[in-house]
């Protein structure tokens, strides 16, 4: 009686002819960000503070990330905040600090772009352009990123189905940019115990359907520092291509997302057990 | 033991000093769109096709809407679609057809703007600028609409809390535009029986917290034609300030959202029982 | 491309041969509880306290309910509570008080049965046997109620689909009891602003698929007193067959669910505007 | 502005004095099922068919499970099914087959009890009494299991919060039975791509709050065979105390849940990589 329902779980007919689909390209896409590759079996760790707050804060993070085997530096210069009265990021000054950290520590930069109008500005600094969860279906932004010349990190929307997420990536590919990395970051659910529910099965489920790399953001997925390390291990276990993780020299004073940021010591300890290839020496 | 939980339902402390809050402005805001007023006790019906498809289709709709007491004409010229390969709207040609319908039938125009880059273009035609559910937290777009000089219809995101929705409106007000109408259009839930779950209680709950007008979109909230009329009655029952409803001369051939569009006869029948003030004669 | 999805909204094939289905019985079922009928176009109001707490509390409620046109008295004697340390109800003493109120005020009694072992005991007192939301898929209880000889009020589970809810009713009918009234009481969602999300569209959607009466519980659906009256109006607007509503002489001292209970004055005011046929004179 | 919300993620005040709480008992509970121990650092694999269908089917499973290091045999004799017309299990005949498999292969038995009336019957055969997700808040059943003299496997309800799940366990402990194992089996969400969403973070989050063992059911959590192995690895990664996994000699002919059952070869391959201590030799 419910066989149709069961079959629906397995239905991929919507994806048959999409550029993002494994039916069109069976082998993994390799997305290169400088000398870092996503999708080739490597496990890439991107880390850093939620917001770029100051030169000192950022350099402290970058130093620890580079020396412990992290491959890319994340940090928000333009911050999407629920309230217009919360800290909105340092803007271009934040981008300049990220570029300075890249120069000093040799780490590529991941940072969010929130507006079509900022695509050129952010692309002038960033190595990997991040689309936040709230903008997953900002189609004008996706099209602009399809023409930006830089690889894109596309976060899943908080209530996006896997189909919708694939389709959002399809907008970028269809606009001319094949270099998209997908990032599961938790979905909205009924229990406020964690900030979001980490849909860990989405990682292998997406990798069945698409050839694009898929990574996990355990920080937003849980909202709680103590859960970040176990979830990072789970990311490895399910075959994710990497992690996007928040760390901060002093999380209790962070201007955003302190509760989910690892301390730098916790980050170092996490790196000791992850299967990252150390590229910087 | 769970008293704290119960109190949390009633917590409005986040809203104390917001421009959108009733704590700041106890009386209703009246948002004027031409000679139509939202928030003054009137029940405003905005109707039309999901997408503007052709002059004939749009004029047939506009004729019936105007003659049956509808006050504004809705129609999508820029369409947010899950897939890049679905019909994306007629663009500026669609806006021109809407303007033509306004001229012929005296109906103000509601239409969606999907991109900051299109704000000026859309504002040159529209009387009420619609922000779609997917863009509720596209903060760059919200800020641009705060400076556009036209009133804004802000749809609730499919998984937005009431707080997040109020905060999204706050972005527009804080950017200089006090004329915002809020639209409940269903939230994402676990049952695919209806397209979304119509959170009807959100209408009175929002009106307790904010002085802005709140309307209902029963078409997207249910996705099913047969449920649109009962939900429209419910909108009146809970004190909504109006409706945004889809109708089409021939829903079965619609390029988008046919299953949820009323036929023109069904729309006429609906209007007979709604408490609209007939403004056009 | 998504036509299949749209059709899925309308799929009723699962229901074709069910006893509860309109395909099997096109006309409404009339469920009689004493001289009260559900499903014949009448709008039935069942009201009373969440928990029976004392004779005085219950009689005060019953007096107001009877004199303002309410038709059945609700009150919990066995209470399902999240914690084992919360008030669990008065048990059989509560049932005796309900019977006393019936005698004095001529109101039939609705009360919850939580356990197969209690079915006979509760059936000895109750006129309508309530299955709580947590027990919607307690199939052993449903089968026992199929043989209990009394009509059943079946609440929707907090995350039950409409199909699952119909199937739960089917268990009762298939066990020999055709007298089932369905009750929408809100579903679980992501926003804690209201206790549950009232899925108002479920009322007409269920009535399309099943011939059984469908009523609304606006108290549990919202968890907030101020929203109960607007939602009660919405129940009438969408064609519900009645209401199950909580009221209390002094909600602030209630042993359970005080925040969502109407005062007796609020209840009287609500009754003034509902289309109930006054049966008691 | 949202600090209160962030703190709420970490709030455990509700749990302070519960029997299940780590505040009351900081060290792990060890729950023994025959010579198998949960909670002592061992990783326990329980496997078998969704439903006991025949002697041949069950013995084939048990043989492979025992020889590959599985420690307990699962199999449903009483099956909770959405429709009353679906296969309901073999009942006591199923229990007898399970006991026969125990005798032959030395595996303890896990099986579901759906009704208070069946507690004694099931306890006469089972080594570990399973409470299904639909019955997590069937408080009468929980109390009966508190007095049954056997350890209990308590599945999380499909929309239960972590607090509600802990409270359900508290009912069992408060009724006199300290031997409870908790099982995450996926929660209900908006995407039908997987049957449920596996809330993997619930495992470490629960283990922070309670001293009871917590295991994962990757079969129900995903509903798809291809995702069971990656999710099993994730269970190890996040510190789960074990797995409950479905396997079947021929999943395509299974009377229930075939799509999520591993073949026996897939199960054997999974066992090769799990950190189970082989107890049977």
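Labels for the chains are A, B, C and D, by order of writing; each one numbers its residues from 1.
Here is the rule we use: contacts are C-beta pairs under 8 Å (C-beta built on N, C-alpha and C of every residue); 3 or more make two chains touch, one makes a residue touch a chain.
If you're wondering where the values come from, they're calculated on a predicted model, not measured in any experiment.
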item	value
Steps needed, at minimum, to go from subunit B to subunit D via contacts	1
Labels of chains that are neighbours to subunit C and to subunit D	A, B
Chain centre separation (subunit B, subunit C; CA means) in Å	33
Averaged-CA centre spacing for the pair subunit C and subunit A, given as whole angstrom	46
Contacts with 2+ other chains: residues of subunit B	1-2, 82-83, 85, 159, 163, 188-190, 192
Arrangement of touching chains [line / ring / star / complete / other]	complete
Subunit C partner contacts - residues on subunit B that touch it in the complex	1-2, 5-6, 8-10, 82-83, 85-86, 159, 161-163, 187, 189-195, 197-201, 203-205, 208, 221-224, 226-227, 230-231, 233-234, 236-239, 258-259
Footprint of subunit C on subunit D - complex, ascending	80-85, 114-118, 134-135, 137-141, 158-159, 163-164, 167, 170-171, 174-175, 188
Touching residues (chain side subunit C, partner subunit A) in the complex	1-2, 4, 13-14, 159, 188-190, 192
